[in-house]
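Same chain, two partners: subunit A is paired with subunit B first, then with subunit C.
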Partner chain A sequence: MAYSDKVVDHYEHPRNVGSLPKDDPNVGTGLVGAPECGDVMRLQMKINPETQVIEEAKFKTFGCGSAIASSSLATEWVKGKTVSEALAISNTDIVRELSLPPVKIHCSVLAEDAIKAAIEDWKKKKEVSAPAANATAGN
Partner chain B sequence: MAIKLPIYMDYHATTPVDQRVVETMLPYFHEKFGNAASRNHSFGWTAEEAVENARAQIASLINASPKEIIFTSGATESNNLAIKGAAEMYREKGNHIITQVIEHKAVLDTCKRLEKYGYEVTYLPVGKDGRIDLDDLRKAITNKTILISIMYANNEIGVIQPVQEIGKIAKEHGILFHSDAVQALGKIPIDVQKDNLDMISLTAHKLYGPKGCGALYVRRRNPRVQLSAQIDGGGHERGMRSGTLNVPGIVGFGKAAELCQQEMATESARLSGLRDRLKDAIFGKLDEVYINGSMTHRLPHNINISFAFVEGESLLMGINDIAVSSGSACTSATLEPSYVLKALGVGEDLAHTSIRFGLGRFNTLEEVDYVSSRVIEVVERLRELSPLYEMAKEGIDLSKLNWKTAAEH
Partner chain C sequence: MSAATTTAATSANCGNCSAATGGAHFCPACGKIQPLPRGTDYFAFFGLPQKLTLDLEQLEQKFHSLSWKLHPDHFARASEDERQLSLDRSSQLNDAYRTLRDPVARVEYLLGLAGMRKEGQKKQQAPPELLEEVFELNESLDELRETRASGGTAATMSGLRAKLETAQHKFEASLAAVDLELARVSTEWDAALDSSADDAAKKKLMEKMNEVLNRRSYIRNMVNGVRQELAGA
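== the complex of A and B ==
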């Protein structure tokens, strides 16, 4: 299987690898996929509660080169975007940017899921920590 | 010494044709091009003589008689001929076949087709070591069993089956025993008499011979095995396989077999030394690495390792100057991880992280050292990238996580 230059570039020089403190109320963590399926992505974002801007993004991925590239690209794209802009990123954008072949489309889907899951996590945290909310919905 | 890249370490897939084999084959393309079945001129006689010489070379490697070698296009055809040919021939005696789950697809799919035609097939399981349990085999035998087909050594994990014992059991029950021996041929001693083998599938391209040339050993005495031909025509090869013989290929197969017979002892000692050096280097540097299948009953040139928390295809991508293969789903057409590793009870998570190293005649010590250092370097890099490695290091039991909803945790 031949990889596109962009996939190879992200694989060889992955952007924003690492972790953010997951207990920080401004950090949302998305962990998607399963080891049995050969793909697990963890995407974390630090979001400014005032401006809703994603100030930092980090990832770690267990998966093939395309999965690593998709998540690396996702961190690049979400950085500096607002939450609603990040939610608008679709897997087809990733497929196009990385020229993923059909068998690798699931990697891009997983990256989109990871973005959504991270934002979801952050929103949940906000509800829980918000003084007005009834803090009964803890996990 | 400078290393030439890329390095080939996938000798279970195929092997380069040995230069000495190429030299032997060359005259049979243009100068000695005759049809071995042409009985009335010297062109035919020359070709026939070359074929008979090769037949004897191959027979000698497995302690058979030359007449027991039936040339085919390769081991897939040999497996088809052995299993379908015996099933058809002995249909009145019974309709039951015993095989095992980690056979090559050429055996499994042939058996599946026979099931459609009313045959019954038992697929024996294998243990964690990759070998069948002889008691399972005994229990599976019925008065309808006509054939046992168990490979000599597996193509992914290199595990050698208890062939001699299986042969004994088959003989006791008057059942034919066929073995797909392509991975073992020329690598470890095969003796059709000692091993009680009735049929074995062979191929040239796994032992430094050319592709497209194989053979089936078919026992002629005690018992005399009969097969229904699967390809009809001019009645070549004792009527079991029609078709003009691939004379250059056969000549090459014969020479390759002869070289293996002469060099097997030193070659297998050298390769198992290199294999162990590779394994020791990797195990000395990396934690959470696991060998798949038995280490005792294994081909000298094989090692199959799971590198936990590092997906196989991404590892292959990192070591793209080294040709090896992976049991990861991403590298297969089916998107399923290796069925062989699954049958061993290797979890799908670990199956995705497996790499098969197949060493061979032209690998050097320098290459082995280069491969181990590259693999270690890339595994370490990818583990830095792996959320699973981080979680495991934090003491999180990954098997206990509910992965579908893990994002909510």
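== the complex of A and C ==
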């Protein structure tokens, strides 16, 4: 199938491939899969707890070109954004940017899910590391 | 769309003699080949209820007899319309047969009829342990490829190979287990149809099948990946 230039570019020069320390309390890890094809994607981000800004993002994707491009693009987009800005990124933004055809939509859904899962993981870690503070703040 | 029951489209009438055809391939009154009523699914095509346990031998027999009856050669001297109908029906026959003959494709198809296998739709994620496994396996496969490409020592290679072989056995066992699970839910589905269970119960079974199919696709992927890599290593 014919990939768009942007997909090819991300595929050939993926940005931010790699990993961040999983156990770092400021790192959120999202591991998601696409049941359509059995591909998997891991997206990690380091988030500043004070400012809620995503300072670093890394990914590793075992999947098709569109999935690699989607996750590469996602890491570029989330860097420098706040958590709530990142949560607003939707797969349709990715589809548009990369001109993905309909059969490749699930690959972009994967990237959106990965962003959400990573932030979810980070939030969970924060709750665990500061349960006392949360409990009193709730009163 | 309503959950599956027998769906032979029954409202069709023959274009030639206008007798009611009940969605049959040929008009019961005048014997002319009929257009496909809209919404004819593969089960109905074979005159079957939407059950998941099929007698494969019987299916094959029906396939052969239909492909003979519908064959375009028989319509060489028929009208343009009839020739086209025979082509349409023959090609649908092949698709239907290919789909129904395979137990996994059969379930996928049934769920597709209920709109449950749509592309790009949000889906429930597979269990995290399974995703971890898939991820780790892919990393080992990468490692093997890199080691091979960089001319790793025989000892490293055989160590990696042994690891992959263990993984292969494990995933093949998982695939067999998930196939059994699918067969089990399929039987439950058939029983639900037999006892005319309500839509809620059917929906629940469909969701279960969907979940099993999703897990299966990861496992099958892993099995294929390891097989391929081991064949090349």
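Criterion: the second predicted complex is superposed on the first by the 127 of 139 C-alpha atoms of A that agree within 3 Å, B and C clash if a C-alpha of one lies under 4 Å from a C-alpha of the other, contacts with A are read in each partner's own complex, and residues count from 1 in each chain.
Definition applied: a residue touches a chain if its C-beta (ideal position, glycine included) is under 8 Å from a C-beta of that chain, and two chains touch if they have at least 3 such contacts.
Source: prediction; values computed, not measured.
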item: Which of subunit B and subunit C A:L31 touches, first, second, both or neither; value: both
item: Which of subunit B and subunit C A:D23 touches, first, second, both or neither; value: neither
item: Partner chain in contact with A:V40 - subunit B first, subunit C second, else both or neither; value: both
item: Touching partner for A:F62 - first (subunit B), second (subunit C), both, neither; value: both
item: Subunit B versus subunit C as contact partner of A:I105, first or second or both or neither; value: second
item: Partner contacting more residues of subunit A (subunit B vs subunit C); value: B
item: First, second, both or neither for A:E50, with subunit B first and subunit C second; value: neither
item: Partner chain in contact with A:D5 - subunit B first, subunit C second, else both or neither; value: neither
item: Intersection of the subunit A residues that touch subunit B with those that touch subunit C; value: 31-33, 35-40, 42, 60, 62, 103, 113, 117
item: Subunit A - residues contacting subunit B, complex; value: 1, 3, 8, 11, 14, 17, 19, 29-42, 60-65, 67-68, 103, 113, 117, 120-121, 139
item: Subunit A partner contacts - residues on subunit C that touch it in the complex; value: 119-123, 125-126, 128, 130-132, 134-135, 138, 213-215, 217-222
item: Complex contact set, residues of subunit B against subunit A; value: 309-314, 317-318, 328-331, 335, 337, 347-349, 352, 384-390, 398, 403-404, 406-409
item: Residues of subunit A that touch subunit C when the two form their complex; value: 31-33, 35-40, 42, 60, 62, 91, 102-103, 105-106, 108-109, 113, 117
